[in-house]
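Below is one structure. I have some questions about it.
Labels run A, B and C following the written order; every chain starts at residue 1.
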Amino acid sequence: MSIKVVPDKCTSCETCITACPFGAIEMRDGKAFITESCTVCGACVEACEFKAIERTEEQAAPAADLSAYKGVWVFAEQHKGEVSSVTLELLGEGRKLADKRKAKLSAVFIGHGIKEKAADLIAHGADIVYIADDPALKDFNDDSYSAVLTTLARLHKPEIILAGATAVGRSFFPKVASTLYTGLTADCTALDIDPESGNLHQTRPAFGGNIMATIMTPNHRPQMATVRHKVMKKAEPDASRKGDIIDVKFNSHGDMRAKVIKTIEDLAETVNICEADIIVSGGRGLSDPKNFKLIEELAKTLGGAVGATRGAVDEGWVPYCHQVGQTGKTVCPKLYIACGISGAIQHLAGMQSSDVIVAINKDPNAPIFNVATYGIVGDVMEVLPVMIRKFKEIRG
Amino acid sequence: MNIIVLIKQVPDASEVKINRETNTLIRDGVPSIINPFDMYAIEEALRLREQHGGKVTVLTMGPPQAAEALKEAVSLGADEAVLLSDRAFAGADTWATSFTLSKGIKKIGSFDLVISGKQAIDGDTAQVGPETADMLGVPFVAYVRKIEKVENNRMTAERMMDEGYDVVETSLPALITVVKEINEPRLPSLKGKMKAKSLKVTSWTAQDIGADVNLCGLKGSPTKVVKIFPPAPRGNREILSGTIEQQIDQVVKNLKEQTLI
Amino acid sequence: MDYLLTEDQIMIRDLARQIAEEKIVPVRAELDEQNKFPWDVMKAMAQSDLFGLFIPEEYGGLGKKTLELCIAVEELSKACVGVSTSYAANALGTFPLLLHGSEAQKKKYLPAIASGKRLVAFGLTEANAGSDAGGIQTTAKLEGNEYVLNGTKQWITNGGEAEIYTIIAITDRSKGPRGASAFIVEKGTPGFTFGKKENKMGIRASSTTELIFNNCRIPKENLIAKEGMGFIVAMKTLDSSRTGVGAQGVGVAQGAINEAIKFAKQRVQFGQPVTSFQAVQHILADMQTQTEAARSLVYSVARFVDSGAKDISRPSAMAKLFATDTAMKVTTDAVQIMGGSGYMKEYPVEKMMRDAKILQIYEGTNQIQRNVIALDMVKEASRQK
């Protein structure tokens, strides 16, 4: 595929330049010119009223035998033997995709001492669980985890493999995709499948959530994606569901190149804000570390987690693991309360896909109000104590 | 220690504004910068060089103007800079980018460590590091927040995970990606800036690095972008009015109705 | 205004500005409040080669001169005169070595100074010798291969923090001003200690202490130039550094203007921003005009000094005098424009006003500068007769 300008039709109106999300069009010799930054997304083709821009579909590379690939797989992540919540979300979504393709849903379950949890995966929608239970797999390791998954994928040829966009998933999935020479789409927020071709439409935010891109892997299999927390619905567990549990032998290589020596769960860092349903976040507008205590109090009142802007983290009010935004974490809780946050684009990038956003800021023109479901205009130091009191009344 | 730092030139997110009517990015006059996460990678490489000696080479793939990013890295203290630039590289996804970078790294020659930022702020994929590691056949450690020690061809590092961190030991050569916590990047030096000013950046094409063009750029990319669209506008947006007490009451009522609290 | 700076000078200005904005502005209030020496900032400046700016290339520096130093000092002073004083005092302490040091002394000390590894201080002032440099009491007596120093220096910038001190002491009291000599004393030499850190009105980020010499023995080789040259070394040093104090004035004045106009644009009174009132506009116009005039004078004198000119006392005194008087006036006006807010510590202009005051006092009070200028005028007029 490529994008071409038909010079005779181009009227130099420059509409395409504005439409291009990648800044890949410029005017040269009075005509639109497609530069090397082009990703062939086609936004300009649609924008041009004069049909002066065309997308040419070149002969697709001789496709591998795509029909040999069947079924939807989910990498079932566990933490200390507990199946992580994103796994259950993926099983819910994977079930839907598999049903549309009339195919099976399988889970690949890697760890040690996890056998009894396999039934959970079946209850949540899996037809098959491939379980690799081995002392050598106890700690997450890029080499061993990708070896297990790559070997299985080569053997059983799934059409789709999904993982959570967690630290683990985003670390080792690329290695699998690289080895299998296939496409991998990071941090998806929506998936859909073409029931005929089996092409997976993977939608993800780019540019910090300011544009959305739908991505396909038309000529390679398996189609791989990591999926963001909290955007897919968990399936209701059904203990009566039946499925196959297949043991997978792990041939540990004597010499693992990288290995975990120890795992430290920093008490202060146990709040994984990616998984929280409610996040109360504070910014520089709080102007003092002791005021940040109010954020913590409100979060505690609501049973939520504490978030922060880069500014608040840079001031040292709260550790980095609480940072939401472009250089921090991307979250999408059901409720996000932004306190004294002006709404810099980098912060919005990390939280604007939250379901409901409540913003408190004294400046009615603060950009945070552009994304807020409810905007409270007022001094955060006056608002917070009242809010805490009201919520406490409700919660008893 | 020979260290290669992978960097990417990206639009400065703090300068990007959004046209709220069309929901598109306004990129006019937006300056290009080194991907912020890569600044930590450059800094860590310079610190390792200060401790262990050796050489720091910065490498990027991009259009000719990406040489500016390389020059900035040199002004910070990098020894050498290599640009991979060829029309055939255009439109690459993470797989094709990693393929091209790994070819460039092989051409640079032997190395002890490749460092990159954990992800680029324009694509946010965090995939180029691990995919490049795989193609180079070296171990990979993601989200490094501290390098504890480097000795006898082994490195011990702390890797940030969702619940805390792991202490990971790896053999070298290896590829790591780093997070913001690892250091505070330095500012450029005057000597570095003067060196950068007169520097001629080495530029290699697909042919120079012996890369099959069918595996580069758009052609070599398994994924295709099929559609770009603005995010769905957020539902009702409401700026409340009245006294603070009244505003809060309204929020509490709404949240209660939606069973959010 | 465009001063037709070279590419290198623009590079120096931009880098110093970046350091000021990223490393100094975020911490200046804290440094001021806690009387804290800015080591982190100094390290950043060292890493960026700012300490090597005016040191010749053969000693690891960049071989730049007065104008470049002034440009850097101006940018740092826009953010904090306390920090720029620490930086400029390092240059002040280095000038005796640079101007009069032997090749061996330069080789030994300049590379470490250029890299910012070792900070320098200049020790001239004493309790009874400020504006009157002839009143120095500290003595240095040659005993075998060593000089023995006794006495106390007062209000020494970078005292306690610096590792290298260039000291003026009397080697032969009978010769009056011609009995003074210049020496290098390293921190840690037995008999060399520091008094308490002074608690100052402004430039609180800089360190000011006494230097106490009690039978402090230093090697004979640490004598700079010859015995009896001390007074000349001191005067040449001050001639070289004075324009830089002017640059500090230009910087802090511009910094205050920038704060004042930013504030005035958003401060609404009687339904409009206060910048729309002519009373405010005229003050702003005067502030900027005076500052631009000061900058023009400082840059011109710096270029004159860099041309290798010999008679630089009068022009450098004029640059220091005019630019620092301007700084005092402009920073005071900035506080006035910002009103109550300007008086509060939440905004940086009250600190700028406190900081600006020292510029009229140190490195020769502005009254002394007027003496220098007038005496030179009278001398010139006498010659023309």
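In the analysis below, a contact is a pair of C-beta atoms (placed from the backbone, for glycine too) under 8 Å apart; a residue touches a chain by one contact, two chains touch by 3 or more.
Since the model is a prediction, treat every value here as computed from it, not as a measurement.
**Student:** Looking at mean CA positions, which chain is nearest the middle of everything shown?
**Tutor:** The most central chain here turns out to be B.
**Student:** Report back the single chain whose CA centre is most distant from the CA centre of chain C.
**Tutor:** A
**Student:** Any idea which two chains share the most contacting C-beta pairs?
**Tutor:** That would be the chain pair A-B.
**Student:** For chain A and chain B, what's the span in angstrom between their mean Cα positions?
**Tutor:** That gives a centre separation of 18 Å.
**Student:** What whole-number Å value describes the gap between the mean CA coordinates of chain B and chain C?
**Tutor:** Distance between chain centres: 42 Å.
**Student:** In whole angstrom, how far does the Cα centroid of chain A sit from the Cα centroid of chain C?
**Tutor:** Distance between chain centres: 55 Å.
**Student:** List the residues on chain A that touch chain B in their complex, please.
**Tutor:** Within the complex, chain A touches chain B at residues 1-2, 18-19, 21, 23, 35-43, 61, 79, 139-140, 142-143, 166-168, 170-175, 177-179, 181-187, 201, 205-220, 257-266, 269-270, 272, 274, 278, 302, 320-321, 326-327, 330, 334-335, 344-346, 349, 352-353, 355-358, 364, 369-378, 382-383, 386-387, 390-391, 394-395.
**Student:** For chain B, which residues count as touching chain A in their complex?
**Tutor:** 11, 13-14, 16-18, 20, 22-25, 27, 30, 36-37, 63, 87, 89-91, 93-95, 98, 121-131, 133-135, 138-143, 156, 160-171, 174, 180-181, 214, 218-219, 221-231, 234-241, 244-245, 247-252, 254-256, 258, 260-261
**Student:** Using the touch rule from the top, collect the residues of chain C that touch chain B in their complex.
**Tutor:** Interface residues on the chain C side: 7-8, 11-12, 15, 18-19, 22-23, 44, 47-50, 52-53, 62.
**Student:** If you look only at chain B, which of its residues touch chain C in the complex?
**Tutor:** 186-194, 197
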